[in-house]
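Quick heads-up: structures coming right below.
Same chain, two partners: subunit A is paired with subunit B first, then with subunit C.
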Partner chain A sequence: MTAYTERIAATARSRTVGSRIAASLVYPLGLPTLLLVLWGLVATRGTSKFFPDPLTIAEAFRETWVGPAFVEDVLPSLARLGLGVAGSIVLGIAAGTVIGLTHWLRELLEPLLEFLRAIPPPVLIPVAMLLLGITDTMKVVVIVSGAVWPILLNTIEGVRGTDSVMKETAESFRVSWWERLWFLVLPAASPRIMAGVRQALSVALILMVISEMFASSSGLGYRIAYFQRNYLIAEMWSGILLLGLVGVFLAVAFGLVERRVLRWYHGIREVNRA
Partner chain B sequence: MPDRSTLLRVEHLRKVYESPTGDVEAIGDISFTMDAGELVCIVGPSGCGKTTLLKCLAGLLRPTSGVVEMDGAPVTGPSPAMAVVFQEYGRSLYPWLTVRGNVELPLRHKQLTRAARNKLVVDALEAVGLAHAARSHPWQLSGGMQQRVAIARAVAYQPDILIMDEPFAAVDAQTRADLEDLVRELHASRTISVVFVTHDIDESVYLGQRVLVLSTSPTWVQEDLAIDLPPERDQITTRALPRFTELRTHVYDQIQRAKRGQAVAPRSAR
Partner chain C sequence: MRVPSTRRLRALRKAVLGVVGLTGFLVVWQLIPTLGLINPSYLPYVTDVLARLFEQLVDLAFWRRLGGTMTSWAIGLTVATIGAVVLGTVVGLVPFLRRATHTMVEFLRPIPSVALIPLAVLMFGIQRQAALVIIIYASFWQVFVQVIYGVADVDAVARDTARGFGLTRREQLTHLVLPTTLPYLMTGLRLAAAVALILAITAEMVIGNPGLGRMIELSRSAGDAAGLYALVVVTGLLGLTVNIAFRFIERRVLSWHQSVRGEEPL
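Take a look at the complex of A and B:
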């Protein structure tokens, strides 16, 4: 009897494991595959030259981006993006911590910050061009000027919201100012800070492309606009595809970092849900 | 106790919270002294300013008037000779640190070698029976265990006086009994003085060598009661003693009188 139930349980288990792996692949990959097939069918039957079929785009992708273009266009773009994101994170967290901890500074700056945040960052590109010229610095500055806001405002909120009992605990044990910053204030604000960084990443990617379309002689944004003006449609689509892949890569990298940094936070939520 | 010197002296302590809608007098006039090595419980009706009193003792709040003296010196801020165990362990322990990290944090600013610090942490965790959980995070532990971590953190700090604010109000009855015995054991074995604030009458009588009964707000000390139970206490036999019942009935009556406002304030308070 026990052997029988065990056998049933074993088959049920292997079936669930197998189907779980299948399901974990079918769901994320199924719809994109289906859409690609549909696209291919429509493209081969249709006559529009603006929608080449996926195979043509894949071919263009390989020819365009694998080779010198990777060094000339992709790497500069990624470098600007990386510098812009790093600058936004450092500036946002540093300024946000100071403002969040200083009551009068917060009262003074908050309306102004809300206004500055509301300005669509691309309109700063002409201004930055005037002030900094068509340089890499200009593009990094534009990226920072847009991506810093979600990090800054979230850090201010996170730092301000430090739990009162946690603060009293640190006070009663005479924990020093730096230790309080490092072991209490920043970790307590980290869920909000990470939420800000997540938003900042997508803003930074958008601004990277736009600033390169506006004023550049290299980079992904420049290259895509160039292809479009020269009727290189398949190449243009391949650039868009590459941008999408960069976005996915950023999201995955962010997810890995976030899971490490906020392990405690997700752990608590799991415990509370159980 | 070989040395019966005064450790803590509170004289005419008064605390008024000022607010735009009117001032609230939380503490009217509290005076008492506490000897080194004592375990004093403070009970009172709910909302009688127990937590306010405790924060004044710990140097977290400035009294409006009156003096809190520790070893003859006025308390003007948190003292290295005091450690506090808060009621809300979930908000007092840092969830991003491990159990070990939490216990170690207050020791970082002390001038200790790594080995000495390590020894204090291990020793404190062993004392509360959590040596095996050092690498866990607080939220992976039960409520009672989390409060043990908070106690270990306070013990590792090596204070002369441990201030506990309704520490066991949020744990279940059985865990509570274990934690009560832990406090008595730490008090006896480590010569730490303890101020234990509670709203639980039985708990105050079981734990304390003395029980201070507070009046309703604005608060004064309504009674300072010596608990003449044997020093060796046990959850079953001590609580079954006729004297235990007498004392708890007495404290209960006092608190009922306090609630009805029948108790008479000392002349100095009014």
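Take a look at the complex of A and C:
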């Protein structure tokens, strides 16, 4: 029976292998190519000067971002983003674990955290400017103060949701507190924590851009706003494109890390589903 | 008789601790400028901020700005939700479209919506439309992705059964796809409502169309610290209200659903 199905599958595979490769290329690339071509046609025919054609944008992209601008504007922005994200992860997981494990602390802080989380993060930029001035520290603090919430709250929930049988088993086997934290509580919370980190990444990127549009004389956000104010349309589009690429890169990198960290978890879910 | 009383005791304890936590936060805030740790012109006294907050609440101009912000929020959220539900259902139900749009979605979705602010300003100037572009772009993806997941989640056996019983396409949509998608849609809507509020205020801060965001920016540039902090508290309360309202709506709409009824499936 197995051999029979395998043979059938094999012939089906060999027959369609050519069309399959074609399909795997056409499906992901077809629509973007089509849209780019359409855009190009509309832009060259049309009169709207706000939508330059893709080739002009590509040219502007090369001229604007390849070279010293990359070192002066892009790298510092990314460094602040990285610091902010790292800070939120460390702070969020550390505080979240403590709050999640301490019952009375959680009840004490719950309404307060609920309120603080509800404040739209960009509103904190003027506050941070007032307290810290227009500095790099201010921008990193702004990123942390916005991105820490999803990680913190998800960690609290994840730590709380640790399986009680496992917790009691570990206790009765006299597993030490640190070992319990490291081998039981944090792994059990990690799917929730990773979900929080995913949200935090997009918040952090938004805050990086806005803090620079708002209060800066360098950086990616500042550049894009500068191009717009000076009617450098193609350059502005190239900046939007670059931000998009940063966003996509972050999403892909996060996907890889998540798959590595949560390999065991996805494995269990596969087994449960089968 | 003992069980409900301990439960009530626990709820009371929770409420008391919560109030203690909030009060503690306010006391610490009041102490920081009082003890001179931070200059009061950068971190004003809580009492000043609260006084300013109540002053705002009786000011008609404040309510007009709040109305401006919430109007942008409501229009943006509605347009984004309708668009996302329609497109998401179509794309989710047609496998060809799902495969064809996948890369496009994965590229467009992570673009931070604020990157589009300059474009929106160029196209519409300092107007509500510019803010709407940003709000709609950001909240659209929240709903769209959830709807696609939801539509794809339709149980295969249920679908085959529906087909076997000869349900029409329309009946399948209302009796099969809609109930499966609704929990996903409500999650998307709740996320989108929060995101839309954030971007409504952000857009006003950066673009300068009238509303709470511009008021925040104005009080910052005027050096009016108490006013600034009062507005930050207002936006927090606003965010909290939106969160609670949408959680309530979610529970009402999904009152039939397992996740809300809370019965353990066996």
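Here, the second predicted complex is superposed on the first by the 253 of 274 C-alpha atoms of A that agree within 3 Å, B and C clash if a C-alpha of one lies under 4 Å from a C-alpha of the other, contacts with A are read in each partner's own complex, and residues count from 1 in each chain.
In the analysis below, a contact is a pair of C-beta atoms (placed from the backbone, for glycine too) under 8 Å apart; a residue touches a chain by one contact, two chains touch by 3 or more.
No experiment lies behind these values; they were computed from the predicted model shown.
Peer 1: Applying the touch criterion given at the start, work out whether A:G84 contacts subunit B, subunit C, both or neither, answering first, second, both or neither.
Peer 2: Neither partner.
Peer 1: Given the superposition on chain A, which partner contacts more residues in subunit A: subunit B or subunit C?
Peer 2: Subunit A has more residues touched by C than by the other partner.
Peer 1: Identify the partner contact of A:G100: answer first if only subunit B is touched, second if only subunit C is, both if each is, neither if none is.
Peer 2: Neither partner.
Peer 1: Which of the two partners, first being subunit B and second being subunit C, lies in contact with A:E179: first, second, both, or neither?
Peer 2: Touch partner of A:E179: subunit B, not subunit C.
Peer 1: Looking at A:V271, would you say it contacts subunit B, subunit C, both, or neither? Reply first, second, both or neither.
Peer 2: Only subunit B is touched by A:V271; subunit C is not.
Peer 1: Would you mind writing out the residues of subunit A in touch with subunit C in their complex?
Peer 2: Touching subunit C from subunit A are residues 27-32, 35, 50, 104, 107-112, 114-127, 129-131, 202, 205-206, 209-210, 213-214, 221, 224-225, 227-228, 233, 236-237, 239-240, 243-244, 247-248, 250-251.
Peer 1: How about subunit B: which of its residues touch subunit A in the complex?
Peer 2: Touch list, subunit B to subunit A: 58-60, 78, 80, 82-84, 86, 88, 91-92, 94-97, 101, 105-106, 108-109, 137, 139-140, 153, 157.
Peer 1: What does subunit C use to touch subunit A in their complex?
Peer 2: Against subunit A, subunit C makes touches at 13-14, 17-22, 24-25, 38, 42-43, 99-104, 106-119, 121-123, 197-198, 201-202, 205-206, 213, 216-217, 219-220, 225, 228-229, 231-232, 235-240, 242-243.
Peer 1: Applying the document's contact rule, which stretches of subunit A touch subunit B when the two form their complex?
Peer 2: Going by the criterion above, the answer is residues 163, 165-166, 168-169, 171-176, 179, 183-184, 187-188, 190, 264-265, 267-268, 271.
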